[in-house]
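The following pair of complexes shares a single chain, chain A, combined with chain B in the former and chain C in the latter.
Here is the complex of A and B:
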């Protein structure tokens, strides 16, 4: 039964959600509208869309090497994803199913990493990357993220939910550990893997501080760093129309991906217990 | 099909002894049921046979070859698990074909074998479905199909019907038994359900606390339980027990219990005479108790505590004495109320006589029945 109290809570929470949506969407809509306006009309009303132009996008593309930033970002995100998923799957399986000396101690050490803020590690990571002579390379951006305590933890929990009889049945049928992992565990962990791919992918697409620190050259800079350099540069010279057009270059792929994969996005988070 | 031998098979876990020196011979084409309460070691025994659990000591021999150190995949055995262990992301076809695929069997042969198994198990129309779209019985058949295509020497089944409802369990029970007879398969079946054990097995192995209590044909185990545990475990409802001192009252052997003098024999020459003055344990199956008439020699009066009418049969629960609640399964419908007095007949020939201290069955010549 719906009591008056329930109704009030429902109305209040709906109002909060609508308010939050506005807080989120207004800056986005504003940026989009500015990006499509002639440079002189930037301050001409919040959502004035008279005189739509693509000039700002052409200018931004010509003034900064966004093509090169895209390539660097894609290489970095795909590289991190590929390596991190492989290392996480293997480590998670080991923690979930294999018996070895010091397993629990090692797992606790992994979990402790979850509690250390990533920014704290910037200095030591920089030192290591520098010692390896990898400063200003794409690999320098990727290396600290090749393994992730969060991904391992999440996958280990998922793998632990797979009934042990699946392993035993497969073993009796002659399946190797690799067979069991690839044919049973990985397909069964698909929702978690999708959720991880989306979170890790969007995190590294948007990652700014670490790539800023370890990259100097254009060809190794991802979009976020490129945009920051571009917005501060003399070419853009506080030309907000061009800067917002550049910003759309950065967020557009994620926005499109979200719109297309919205259902999978939400479902995978529900499945993986990440909601 | 294979002949399996367990010689003093033992499983010692760090903190407890799960299986204690089991000896068992499983003949070619035989259906052997390991039965016992939870924690008796039956599943551990099966897992040792399957190679999923290491053997602490003893020998496991299949067709003359010692298998203790052979990997589970090379033992040529197939197992059906309690949870079916069907991979939810694979279709029925893929589930059945899984083992052959990992062993890299030719695709045409895989198709042929899967279709053959599907035909036997009536799964032809379900091959493209996922396990989530199947009923419990169908899932069970897929699990059996997966074992079937392996063409194993021995089929191992770990409580495969325990997830099914009572009606389906009865149906699957006879299906599995029929299949085993059709294939002439050697099968080892684990269950805690004595009805399954009685109805399916050629041979049943009753276990308790990691030890074998009795091995034999179901009827033999039912007729001659080796001890109180087996008597109480095999048979439903369980056997009734009471203890008393044997006395000879003017040539009449009687068991003097707390409230009753149960007449056992008028024969002075009976071997049981040796036990006069000693304590004995008597067991009577509920289905062997009949309604009596007051005044009859073997009739005794009891107070009813509850009555359950099971269709054409009734289960009467009554107080035997202060320490023992008994029950009788009578053919027909009775509606006794709590507190009613009932006269029941306990004939000596239906009584099983056990030693009161060891709870072991006394030798045949001490028994009161014809056998």
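Here is the complex of A and C:
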């Protein structure tokens, strides 16, 4: 157990994991330090700090409509979550507890969505949204994500663990299927619903390509698209600090939420990945 | 009575599935079929109706130098990102599995890139790779390392993308390995240590094989990610220089939305779908058999 070789490996790998964690944390620390320092500091030494300022945040906020990007992002994320959770709960219950003809075939139809995620169907989905006349609307950003095989599977697994006796005794007492679903299944799936809210929510807060394609106007653009427009319009070094401040507007809400609810976040990603 | 009951359950089944099914058909099946259909047509902004050309689009793509380069790039990108991020993630999980304050802190620092958008990550790394005042240049100057024109050079742009992607993903994969480690019963380790097995031996003979199902699961996610994440390209390189950082999905974007070529974009989409289905088939027919022992 305590051979010399073991000890060397242990010391070496511990040094690696610590050094590596600096590689991970430094980009963020550096960004934060640039955003809070006067714009000219980017040309100076790393630790040659000439002062702390909020100027870059004020400039970023004034130069791009971050307020409107926030509103669009929140509407899109909440919209997707609400509809996706409802469609998924219903479908998951059907797959977990109801018997009907063609159930297995339908199940396979849903599996295919795991293989071909909406993220790669940007070109054809654009034609469809365009046919609906929905280009440059928030609903266009949300529509392809209203049904999620991933959420359905996760909820189906959870529902399958609910003891079937609960169903039977509720039915004997004359409860309707709707009552069984809302009074027994949904409350029991609360950990899964929380996990889905965090993972699906952060996925869509961070989503970029699809909203980039289907939105043109300020009021429909989420933060990610707004940030890329903002950084593309000011790439010179003089604006580094402002762009970095804008970048922090985009990442801070999730980052702060993550730091406060760290355990829930990590558990949710674990939970969502393992079922 | 019995039949009536069955019929009623049937109805509810379909009724509950209907909302999800509508969106599934509209935004997964219909677009897939539409891509296949459009791939047989010469169709662009000037000819929105399209003209049937059979397999011409496929012939064109297979002979197109840019598309060949893009396929090749995507392969390099996958080979560069997938094994390294899996190994790093496993290393992180094995080292940080024990719950201590410092391990908790390190887990946080490895995991946080997961919750920030790739576009923001690209923005941060743009300033790391920036040649004059970027973090890498400062670091290189300090240690006397050579300056590397990361994003300006055809040679270095792909390594730059690969490093960024590993940085973004490894902490996410670490989570799955941590969960995998929790599922390994403790008594296995106890008996190994009683028999005086070295740490290296325990890792090779116990931990690594027992983590295999997790490794294969992560492998599929990482492989799929390597063909569906292109956000950073928009911010950093727009596929350049000279298409050296162009990937399949970005090529589809360019053809559809920059050049307005619906037919070619559809054909490339079909090829991408085939690639994704192939990845899933590996999962179902090869890996699934091995991991359920």
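Everything below uses one rule, namely that the second predicted complex is superposed on the first by the 230 of 275 C-alpha atoms of A that agree within 3 Å, B and C clash if a C-alpha of one lies under 4 Å from a C-alpha of the other, contacts with A are read in each partner's own complex, and residues count from 1 in each chain.
The rule is simple: a contact is a pair of C-beta atoms (placed from the backbone, for glycine too) under 8 Å apart; a residue touches a chain by one contact, two chains touch by 3 or more.
Just so it is clear, the structure is predicted and the values come from calculations on it, not from any experiment.
In the superposition on chain A, contact of A:60 is made with neither chain B nor chain C. By the touch criterion stated above, A:175 is placed in contact with chain B alone, chain C being left untouched. In the superposition on chain A, no contact is made by A:72 with either chain B or chain C.
In the superposition on chain A, the chain among chain B and chain C reaching more residues of chain A is C. Using the contact criterion defined above for the overlaid structures, shared-chain residue A:85 touches neither chain B nor chain C, since it reaches no partner.
In the superposition on chain A, A:154 contacts neither chain B nor chain C.
Contacts of A:262 after superposition: chain C is touched, whereas chain B is not reached. Of the two partner chains placed around the shared chain by superposition, neither chain B nor chain C is touched by A:196.
Legend: residue contacts after superposition of the two complexes on their common chain; A:115 is shown touching chain C, with no touch to chain B. Chain contact summary for the complex, chain A toward chain C: residues 1, 3, 5-6, 9-10, 13-14, 16-18, 20-21, 23-28, 30-31, 34, 42-43, 46, 86-88, 90-91, 93-95, 98-101, 103, 106, 109-110, 112-128, 143-144, 146-147, 149, 152, 177, 202, 205-209, 212-213, 223-224, 227-228, 231-232, 237, 240, 243-244, 247, 250-251, 254-255, 257-259, 262, 265-266, 269-270, 273-274. Put simply, chain A touches chain B in their complex at residues 163, 165-166, 168-176, 179, 183-184, 187-188, 190. By the touch rule above, chain B contacts chain A in their complex via residues 50-52, 72-73, 75, 77-79, 81-83, 85, 87-89, 98-99, 102-103, 146, 150. Residues of chain C that touch chain A in their complex: 6, 9-10, 12-14, 16-17, 19-24, 26-32, 34-35, 38, 88, 91-92, 95-96, 105-120, 123-128, 130, 132-133, 135, 138, 167, 171-172, 175-176, 178-179, 193, 196-200, 217, 221, 224, 227-228, 230-231, 234-235, 249, 252-253, 256-257, 262, 265-266, 268-269, 272-273, 276-277, 279-280.
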